[in-house]
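Each of the next two complexes has chain A plus one other chain: chain B in the first, chain C in the second.
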Partner chain A sequence: MGAYLSVPAWWRNLDGRYRLVVGECQECGGYTFPAEGACVECNAIDALTPTEPEGTGTVVAQTIIESGAPPEFTTLLDAEGAIGVVLVELDEGVRVPGMLTDCDPHDIGRGDRVTAVVRRIYEQEGITRYGTKFRPD
Partner chain B sequence: MQDVYVVGAAQSDFGAFPEESYRSLFATALEHALDSVDGQLDRTDIDEAFLGTLGVGGRQLGLSAPSVTEYAGLDGTSATHIENACAAGGSALRQAVQSIRAGMADVALAGGVEIMTDMSGDRTRYWLGVSGETEWERMAGTTFAGVYAQMADAHMGEYGTTREQLSTVAVKNHRNGAKNPHAHLRFECSLEDAVNGTVVADPLNLYDCCPTSDGAGAAILASREVAKELTDDPVRITGSGHASSRVGLFQRPSLTSIPASQGAAKEAYDDAGISAEDVDFAEVHDCFSIAELLAYEDLGFCAPGEAGTYIESGATEPDGERPVNLSGGLKSKGHPIGATGIGQAVEVFKQLRGEAGDRQADGLERGLTHNVGGSGGAVAVHVYEGGWA
Partner chain C sequence: MGMTVIEGVGSYLPTYRITAQEIGEAWDGFRARGIQEKRVPGADEDAVTMAVAACKDALADASVGRNSLTTLSVGTTTPPREEGDIGTTIAEILGLENDIEVSVHTQSTRAGTRALLAAVRADGPALAVAADCPQGDPDDAIDHGAGAGAVAVVTGDSGPTVRQTATYTREFPGTRFRQRGSESVETYDATAYEREAYTTTINGALELLDDVPAALAPTAPDGSLPGRVGRSADVDSVHHLASELGDTGAASPLFGLLAAWDAGEETVAVLGYGAGSSVDAIVIEGALDVDWARPATDISYPEYLRKRGHVLSNGGDH
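Right, the complex of A and B next:
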């Protein structure tokens, strides 16, 4: 059926779905998102300690999806007309992808300040999926 | 180490072919590739076959290489499937090069195939973005076009790259592809059309995106000894580079370059003993307009941030200093995922032998192919030269 986030894969990193969690590297002090695998800064393994960042950051890249979204986003796209998706560089220096919320995505761009909030993403296989979205400050 | 030569290369038409299967398309490409060999080469002379495919649509996933080679009359031949998303073809080529250089094979086949237009409605869209990062990038609502759109946004913001410069990629590649009888979208478009296309993922519109296509390609590689018996017009693969990077854009150090492209290019240039200035022409991975501009910079054709002015200068037009995507690129020729990297090699083979018909460019001695998987998770770069070593 293609690539989507199955329920077991969803449960595996549930902790990082209901709150924003990044990994702090015990080797180099850098941060990695998500908090698993090798450190993106220094490639150290087994060195990431999960930690909750402030959740504040700056938009470094943006897109507005107007068509071609995968089926799990169809309902949202139909309702909203467009989905703003940003890469945010958190103040800790790590980048996190997320949807924009509580705004018109056309009003947001690179350099704008945002804060992470937990929101409903979509429902699939009978489970409502939650995750981090970003709200303009 | 054995020198490697391309002795035959061909592709099927790229497009939408409801009457064809992934097997029949590959058999067609192989037939044409064997026909393109100057001397007599039988399919049974092939020692080793590598087949690039993603398997879009969920057709034969296990044993996808033998299921294709058996149909094409290669039963018994060593056959291996290579998966590296949109770079599967280039990665298969890399394996074929290695098998000959290592002396394990005298004749090796690098093939690729994909059927993307035969899925029913809703299923198709589950396959969109399967080569993006699934657990977080996709959950954030980022489509495949969306990831490249974010790179375009960053490049425009950081370097002042313009809407018109992005659209010039589409205009150029459609003009080239209109002359390619195997191309999927054989129409030309004006800059005005390309600037005003329907938005897909802002800032990218429909004209910034390549189509999804059905198609296959086959390249037959041989050692110097075998090539000497087959042709007087050899094409040598002098450089091979291959690199990987983080699958999700958010984990990469740069939003305006593709580290795996830079890594693969460096390896290929070092292997060939050349530098970027020595490349006469290239087929680069223009899945989205921004991707061609990033390729100019990552391959060293121009400095970081200058790709917009570089294309505007006409440097990569057919009569420019370094033509890029004479075939029409993914944008016009089409993008049957696993076949794309082989299709690029086919164009370089034809151009170096002066067999590219209406789109033949003059004075080409050294060509390059650049094949990207996903948004940069894997990249294959190869360098080709006419003549014997």
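Right, the complex of A and C next:
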């Protein structure tokens, strides 16, 4: 959340935003998200094969935002009261950040099981940015 | 027409739920007929996200893989953009092939059956989805009844067969419409006229069929209108889910199909009614196992207003 991202920059990683496509390293078997650049595990170059995970995982860290959200999130914050931001370890082993949805984030914590769903992330310059959020199981 | 086969079906309902009683207490009476409760989209949901969820559910139910689909057809009266192809967005989110034929049907609650017909007429496996989340003005029957949900269908090799299709069209201006730039569905508000439009066009479509099936699944703007069709067409089994889902717009006749299959019906006429008015009749023989139940979290009327982005300057008790 936060830093301004142009539409072309957003578009470059649609597979990651929409389906959490990760890069599976052909050298060490580790996963890198987003699926670009060097392997985060072994630094191998040009070794990442795009792989679509199941989208299920476990919360490993969480932050709750109740005020002071970036302007593109104020409509969501007004409607929901609080936004949960989590780091999720997918069952394939890779960790991905995302927002919680369909829950009061105060009820969610480390170890809770979640499933990826696609939602409206925010709207900016009249363009809706869709992407993955996590819903508690 | 070749025999199109429905191989898989899927659905989606938003998590949030509100009862007619909760709305009625805020407004001195619940103004939609035959609805007990309904689902409410979260602030981060729209027709695109609901369509995606239903499509994933349908693809999981079918042996046809997403890479062999030739067509994606989408029906909704609530596209989140007036221009800008939401079908493309849905295809990209689902990871469909770039050579897929994509169409979006809108402008009337018949959009769901238009999408289904596009899949039926496709040359190869197809994915059709109806997703809708209508709104009205907070104090009127349309908003009280307005629900949300999505149903998706995958056509393929084995399963129920589409036996016949027909469409009947006759103008009844003002029966249900939304002005350019507005979020609120309106009606001319003449109950007898609206009932006449509904029954006349549905009966017109039924008369085009070789045989009227023993079960009907008509568009259900509320829980009362569908019964009128049953009486005028002399059919006992009329299926819809308006009582538990409210007005699901373009998705409602497909939810009716799920209800008919759940009730053990063997041959069903899906009747997509769109005000204005036109009706698509799609006769389907055979059934699939269905399960549209989803977990729900009950919300209050003030929470409902916030999720819908309604700001009340006056009216209501809150």
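Everything that follows uses one rule, which is that the second predicted complex is superposed on the first by the 134 of 137 C-alpha atoms of A that agree within 3 Å, B and C clash if a C-alpha of one lies under 4 Å from a C-alpha of the other, contacts with A are read in each partner's own complex, and residues count from 1 in each chain.
Keep in mind that, in the parts below, contacts are C-beta pairs under 8 Å (C-beta built on N, C-alpha and C of every residue); 3 or more make two chains touch, one makes a residue touch a chain.
It should be emphasised that the depicted structure is a prediction, and the values quoted were computed from it without experimental measurement.
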| item | value |
| --- | --- |
| Fit or clash - chain C, chain B, common chain A | fit |
| Which of chain B and chain C A:P50 touches, first, second, both or neither | neither |
| Once both complexes are placed on the shared chain, angle at chain A toward chain B and chain C, C-alpha, multiple of 10 degrees | 150 |
| Residue contacts with chain A in the superposition, chain B compared against chain C | B |
| Which superposed partner A:P70 touches (first chain B, second chain C, both, neither) | first |
| Touching partner for A:V85 - first (chain B), second (chain C), both, neither | first |
| Which superposed partner A:I121 touches (first chain B, second chain C, both, neither) | both |
| Touching partner for A:A9 - first (chain B), second (chain C), both, neither | first |
| Contacts of A:G29 with chain B and chain C, given as first, second, both or neither | neither |
| Contacts of A:V60 with chain B and chain C, given as first, second, both or neither | first |
| Partner chain(s) touched by A:G93 [first = chain B, second = chain C, both, neither] | neither |
| Smallest separation of CA atoms, chain C relative to chain B, angstrom | 13 |
| Shared chain A surface residues [contacts with chain B and with chain C] | 76, 121 |
| Residues of chain A touching chain C in the complex | 14-15, 18-19, 52, 75-76, 78-80, 101-102, 117-121, 128, 130, 133, 135 |
| Chain C - residues contacting chain A, complex | 15-16, 42-46, 48-49, 52-53, 80-81, 89, 92-93, 95, 297, 306-307, 309 |
| For the chain B and chain A complex, residues of the former touching the latter | 58, 122-123, 125-130, 132, 134-143, 145-146, 149-151, 153-154, 157, 198-204, 246, 248-251, 253, 255 |
| Complex contact set, residues of chain A against chain B | 1-5, 9, 13, 32-34, 40, 60-71, 73, 76, 83, 85-87, 95-99, 109-110, 121, 129, 131 |
